[in-house]
Amino acid sequence: MALSTRNRLRGRVTSVVKGEAAAKVSLDVGDSTMVALITRESAEELGLSEGQEVVALVKATDVMIMTEDGGLA
Amino acid sequence: MALSTRNRLRGRVTSVVKGEAAAKVSLDVGDSTMVALITRESAEELGLSEGQEVVALVKATDVMIMTEDGGLA
Amino acid sequence: MALSTRNRLRGRVTSVVKGEAAAKVSLDVGDSTMVALITRESAEELGLSEGQEVVALVKATDVMIMTEDGGLA
Amino acid sequence: MALSTRNRLRGRVTSVVKGEAAAKVSLDVGDSTMVALITRESAEELGLSEGQEVVALVKATDVMIMTEDGGLA
Amino acid sequence: MALSTRNRLRGRVTSVVKGEAAAKVSLDVGDSTMVALITRESAEELGLSEGQEVVALVKATDVMIMTEDGGLA
Amino acid sequence: MALSTRNRLRGRVTSVVKGEAAAKVSLDVGDSTMVALITRESAEELGLSEGQEVVALVKATDVMIMTEDGGLA
């Protein structure tokens, strides 16, 4: 299986907070922390739990770039 | 300035490919490669170039999670 | 009225699950099932309910492509 | 700091509704109302509250265009 | 027709730049400028041109919030 | 491998238009047509070509709902 999604970051689940409709999944990815807001249904079907190794996927159109050398352009 | 965007990944620009309307920016982020598809205008206003240190930002609603322990759920 | 959104899929609501802030709407679309995570406010203003015919809209920049002829590229 | 995100709209928070995982933030932006669905965590870290002045940011790939001179194209 | 998309901002097209696959549409919206990256196909089917009145639509999950009272949270 | 993305629609590629940075991929999905705007790089790595069977993936947060029983809500 091959996927058009360019961005794949390996991480480990640090917490899963479930609401009725949505779930927030926090990950350690290298030195960074990432957070995903997905459906509760997805979180449950994947059986996401603390300590689990996962991959965070992000479509290239959803990545913004920030530089640190100037005022807000 | 504080931003609601949860996901910030430090990286270094490895290439910028410009089309008429869009630009593709590739980054090294830790051990991973990331790709952003932004407007050409953004790429030019930020003056993005190879070797530059930047931060990749991703909204939590744009992060998907993949696990490796099963068929396609 | 004309809309730039390329992707329109007719479907029928199969369930609406409401949280405080978000709502998950499930749809039958042809042979597939689709799920939308929208604001609870939207779900209520549209009066979404089981059996209702709706159209699922997706911006072209939000569609990913997966092929089945290889490892994860 | 410079950000690739093209779209910045100044507004004032009119309400914050928090679920377990998600939060809905409503804004007055000029003559319009805007709504953001973010993580509850973000809403709390930013300390968002009614009356607060904020900026709504939207990536160019997330903007759709609607015209009013025809049927649904 | 009713749409779940919460955010609708009236504006006027100030430029349309077309690439092969993508098109960048710039708008004046109240005191702000907005930019949309859509398919060239959409821009052509809508017949977008300078001076045209349109509505910019943004899904609530695609709106980020920035405050100005602190370092990058 | 299991993926949090809820929405998977089987289709067949009908055209691939490549710009410098972006590529537009059109698909037949059941009775509907879908369009994806991805990076040119993705289109090339996947080797997308006319007639190919693929799956279109869409995150639940990227699906909007439209009903046909009223004015624009």
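Which chain is which? They are A, B, C, D, E and F, in the order written, and residues in each are numbered from 1.
Methods note: a contact is a pair of C-beta atoms (placed from the backbone, for glycine too) under 8 Å apart; a residue touches a chain by one contact, two chains touch by 3 or more.
Only a predicted model underlies this, so the values are computations on that prediction, with no experimental measurement involved.
Undergrad: Could you give the fewest steps needed to travel from subunit A to subunit E through chains in contact?
TA: The least step count works out to 2.
Undergrad: With residue numbers as the basis of comparison, which of the pairs A-F, C-D or D-E duplicates the interface of E-F in over half of its contact pairs?
TA: Answer for E-F: the repeating interface is C-D.
Undergrad: More C-beta pairs touching across which pair, A-C or C-E?
TA: A-C
Undergrad: With touch defined as above, tell me whether subunit A and subunit F contact each other through largely the same residue numbers, more than half shared, or through different ones.
TA: same
Undergrad: Distance between subunit A and subunit B based on Cα centroids, please, to the nearest Å.
TA: For subunit A versus subunit B, the centre distance works out to 13 Å.
Undergrad: Could you put a whole-Å number on the gap between the CA centroids of subunit B and subunit D?
TA: Distance between chain centres: 21 Å.
Undergrad: Residues of subunit E that contact two or more other chains, please.
TA: Touching at least two other chains: 1-6, 8, 19-22, 24, 35-43, 45-46, 57, 59-62, 64-68, 72-73.
Undergrad: Where do chains touch, given as pairs?
TA: A-B, A-C, A-D, A-F, B-D, B-E, B-F, C-D, C-E, C-F, D-E, E-F
Undergrad: Which part of subunit D faces subunit C closely enough to touch in the complex?
TA: Result: residues 17-24, 35, 37, 40, 61-62, 64-73 of subunit D touch subunit C.
Undergrad: Of all residues in subunit C, which touch subunit E in the complex?
TA: Spelled out, the residues of subunit C in touch with subunit E are 1-6, 36-39, 41-43, 45-46, 57, 59-61.
Undergrad: Considering the complex alone, what residue numbers of subunit D touch subunit E?
TA: By the definition above, subunit D touches subunit E via 1, 5-10, 24-25, 29-38, 42-43, 45-48, 52-68, 72-73.
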